[in-house]
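Below: one structure, written as structure tokens.
Chain lettering (A, B, C, D, E and F) follows the sequence in which the chains are written, and residue indices restart at 1 in each chain.
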Amino acid sequence: MPYVLIQVTREGVTRAQKQALIEGATALLVDVLGKDPSTTFVVIDEVDTDNWGVAGRSVTALRAAAAGGSHD
Amino acid sequence: MPYVLIQVTREGVTRAQKQALIEGATALLVDVLGKDPSTTFVVIDEVDTDNWGVAGRSVTALRAAAAGGSHD
Amino acid sequence: MPYVLIQVTREGVTRAQKQALIEGATALLVDVLGKDPSTTFVVIDEVDTDNWGVAGRSVTALRAAAAGGSHD
Amino acid sequence: MPYVLIQVTREGVTRAQKQALIEGATALLVDVLGKDPSTTFVVIDEVDTDNWGVAGRSVTALRAAAAGGSHD
Amino acid sequence: MPYVLIQVTREGVTRAQKQALIEGATALLVDVLGKDPSTTFVVIDEVDTDNWGVAGRSVTALRAAAAGGSHD
Amino acid sequence: MPYVLIQVTREGVTRAQKQALIEGATALLVDVLGKDPSTTFVVIDEVDTDNWGVAGRSVTALRAAAAGGSHD
């Protein structure tokens, strides 16, 4: 009866990619722990880049810095 | 000081149903554990059907299969 | 396919109380949203009182203050 | 490698405020536990006021009652 | 910068199985979404069987019923 | 009414450090968003190093490699 939460930034994840994440995570629980797929939940949570921080900066700011060659 | 997270698929949950979930979950914590309702939080998280998987398939795909009489 | 997380302080919740929380939360989702109980998950997370804070203080400290008649 | 989730009601949190939350939470983990900021994640989850309950009522209802001078 | 939470019942998951879950979930995010493994977190949360409910009953009760041939 | 979850590896976090995390996170929400501290929850979740993965390896393995001068 596993529950898997996959949290990623909201940056154009397609329906096909979501389906691949659901299939892959379910297969992982079946293969490693022998879980029943019919009671394996996978929830994908897409988070706006303004709302995700790494190293003290939002992903929005990190993406802009990377695109602009910023050194700060 | 309980915190209750209710995660469901986003399929037209009405404001009245949300209020009923909040009331019911709060009452449950008061009744079973004697918690103070004023510090009982209930958060409802609605998840797109593309983003919720069961048995290796998205709920979107499961709903379509059920509606179409698919046997797969 | 709901998922319910009930987070409470670890203060002697009994097995019977846990069963009552599971039954009550499942019934709530069935009654309010017509969900299938067989795919309704309820997870109870017990948190040490040192690890739960309210109003800037741990529950351990709040309990001690309440027991000791502290006014702060 | 900390992960911090900040869940608040969706009531006009600005990009600057989100940046301040990310900076502050990251600094807290660095200062208190000596964590590496480059592997410190902060995720901000904004929740609609209909979907957050306190004391058995939605925040939407609590805000309306406060605005209207309701005493209940 | 994905974050993956894998929640399972605490029923003897070995260190090798945990390592396999970590590797598999990380590979999934790399393969499907092209994420950087160095900022991919995987957290495994093991939940006591008394604290996990399905279909209104704890997993402890479900396991006992299955082992004893109970029909209830 | 914010809820803050701070998830860290279980590596000897002291009670004083937990209190500092609770105070700091609460102050952050008060300072940045003007939230009421009396309804600000902070939950600290300590995760075993076997159960936390980064870059496809458990923190247990990463710590051992770092201590032993491993180059892999």
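Before moving on, here are some points about what is shown:
The rule is simple: a contact is a pair of C-beta atoms (placed from the backbone, for glycine too) under 8 Å apart; a residue touches a chain by one contact, two chains touch by 3 or more.
Please read all numbers here as calculations on a predicted model, not as lab measurements.
Interface comparison, A-C versus A-E: the higher number of contacting C-beta pairs is recorded for A-E. Centroids of chain B and chain D (each the mean of its C-alpha atoms) stand 21 Å apart. The residues of chain F that reach two or more other chains are 1, 3, 7, 21, 25, 39, 41, 43, 52, 54, listed in rising order. Under the contact rule defined at the top, the touching pairs of chains are A-B, A-C, A-D, A-E, B-C, B-D, B-F, C-E, C-F, D-E, D-F, E-F.
Interface residues of chain B, counted against chain C in their complex, comprise 1-9, 13, 17, 20-21, 24-25, 28-29, 31-33, 35, 39, 52, 54, 59. In the complex of the two chains, the chain E residues touching chain C come out as 7, 47, 50-58, 60-61.
By the touch criterion stated above, chain F contacts chain B in their complex at residues 1, 3, 39, 41, 43. Chain E contributes residues 15, 18-19, 21-23, 25-27, 37-46 to its touches with chain F in the complex.
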